């Protein structure tokens, strides 16, 4: 825990400009879109439509990643990591799962992504109390 | 209303791919950010910080515009416009107000933007019933 | 027309910074590109080329949307809407048609998009007189 | 001219997908915007407005660069360079001038940029005959 | 370490497509640019130039963040985290420092950013052996 | 050589802001990625994976183009063109080859792109001596 201690000492905010307007809903909406595309892909047999699904899912999953990364780096602070030591790993698995959702057309991968974002949301909500 | 009639006839969805995952919350979060930046700008006397506020507010207000445009073009359908004939004008005023919020550092312009998005949200929620 | 009246009162420009340099040609060039891709898609039987067509048409049609949205929100003013009350609906149909052109590989959808941009151009040119 | 000869041999098109829809007007519109911003900057004494000018001019000048680069690499072919040997240098000077226009708030730099784009347009029009 | 164990079980790669072409040099080049801008800002007394510095530094520091996030999520795998348990925290501090470098015009903040990227590079190079 | 002479006279730097932090490695890393995708495409028979390859290769090849264009316009100066008169043509062929690499799934086109970037790198390194 030496690393954490080194970091915790100067407890000041590191958000880029404007603490306060962070919201995991942004990542969740894009992930819902990823899941919806996966389902539509499975139901369709129109080749053009399916190709567009692959491309649009890629973009949406990328936005999930970006919203999660911003939340991780800019919103959360050392005192949060001290209280929820699983935080780093949770974000790592969630962003990796967003990468997985780029590769997969199986709705289960979209659902797994939403579950991980749900875990992040739960912690986020507790920090707001 | 001839124009509308012409449009309403072929009642089919025009969303780019995936009806269902639209949410005015995306525009609202960015607009909250615009308002927060305006307030921080007013409170600060750090020249570098204030210049960053101008630049970051510009980006956030642009995202408000983009989220609203997508909602207007992709989510809403002719039957909605028939039921809420003020819809076009409401979106026009809201996106123009986002442009206004780029120019202004007065929090009142951020609040006015949020009010207009609130009106859009109200209609959006009714379409979901 | 109450909504319009409310809006018309404070007749001042709402462009983001620089009234004067707006031009529907930007949307038209991208739409010509959309149409050209549709034709090339139909003529080709190279699988890789056709997949690239889908992806590149998606991007070009997105640019059509963005150029049209900017024109609608930033260039046109309440007095224009009073004179051309079909303006909102025309932009709505044109941007919806750009969405349609993402989904379709039928050159007719590209032509229809160009026609709608042509109607916008006609009004735009009259405002310039 | 050995380099050119090496290149000219395999005379086939190198555009990314869709030869035919190239137009120097795209660069010209953005450059007109750069010039308009420079003039507005000079006329204004509103600090926020002037800071926005710097930022927005930067973006517009970047778009000039990008449109010119695409034209240079994707539209023009070895036979054009043979006929107009100044082509490379002209594009180099024009894109460098777009960089200059980022740094400068002197409308003369915007005019010089437009002149160079005009020279490119003249050659472009001749290739279309 | 329960969290790690859960993750390590299914040891397969999570990169988005193409393991192998990752390189911390991308983040380092952008961070060198951030540092160079900070120094130029300090030496200049040209108001326009200094405003451009703020804006361009913001963009470069954002690219540092993005390159680091991709490296963290896409390149590194559970076995790396097991071997270098400080990895998550190191990336967190480095991306937070990139955020710090947006706010600051003090070259020391650019140097600190480069040091943290240097630590990441050291681990990266060991994984390549 | 009249054109060059005209240009060489006012020997001052034209980089957008910050001479010194240019590096052909940025283009090289993206081109290595292009080559890696081509190889993976050839080895795979998973339809979704192959479609993603087309799309991701397109993006990476675009980044190659952009990094090369910036290097050409912003880093190199008239005295370099005087010393290496093949410079313009070399950049033209390299960016055209990046366009070729978008169209092709043949690893040879990726290798050819890397060779051309290697030639640019050689000249770049000599300018640094």
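Think of it as A, B, C, D, E and F in the order they're written, each chain with its own count starting at 1.
The rule is short, and it goes like this: a contact is a pair of C-beta atoms (placed from the backbone, for glycine too) under 8 Å apart; a residue touches a chain by one contact, two chains touch by 3 or more.
These figures come from a predicted structure and were not determined experimentally.
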Task: Shared chain contacts [chain A and chain F, defined touch] - done: C, E
Open item on the list: Quick check for you: after a Cα superposition of chain A on chain C, what is the rotation angle, between 0 and 180°, in steps of 5?
Closed with: 120
- [ ] State the chain with the largest centre-to-centre distance from chain B, centres being mean CA positions.
- [x] F
Open item on the list: Need the CA-centroid distance for the pair chain D / chain E, whole Å please.
Closed with: 34
Open item on the list: I'd like the Å distance between the centres of chain A and chain E, where a centre is the mean of that chain's Cα atoms.
Closed with: 19
Open item on the list: With centres defined as the mean C-alpha position, give me the chain C-chain E separation in Å.
Closed with: 40
Task: Per-residue overlap in chain F, given as positions that touch at least 2 other chains - done: 16-17, 49, 51-52, 55-56, 102-103
- [ ] Provide the full list of chain pairs in touch.
- [x] A-B, A-C, A-E, A-F, B-C, B-D, B-E, C-D, C-F, D-E, D-F, E-F
- [ ] Using the touch rule from the top, collect the residues of chain E that touch chain D in their complex.
- [x] 48-49, 51-52, 55-56
Open item on the list: Give the list of chain A residues in touch with chain E in this complex.
Closed with: 3-4, 7, 14-17, 65, 69, 72-74, 81, 86, 88-90, 92-93, 95-96, 99-100, 102-103
Open item on the list: Considering only the defined contacts, which chain B positions touch chain A in the complex?
Closed with: 16-18, 20-21, 23, 25-26, 29, 32-33, 36-37, 40, 49, 52-53, 56
TODO: Would you pull the chain F residues touching chain C in the complex into a rising list?
DONE: 51, 54-55, 58, 102-103, 105
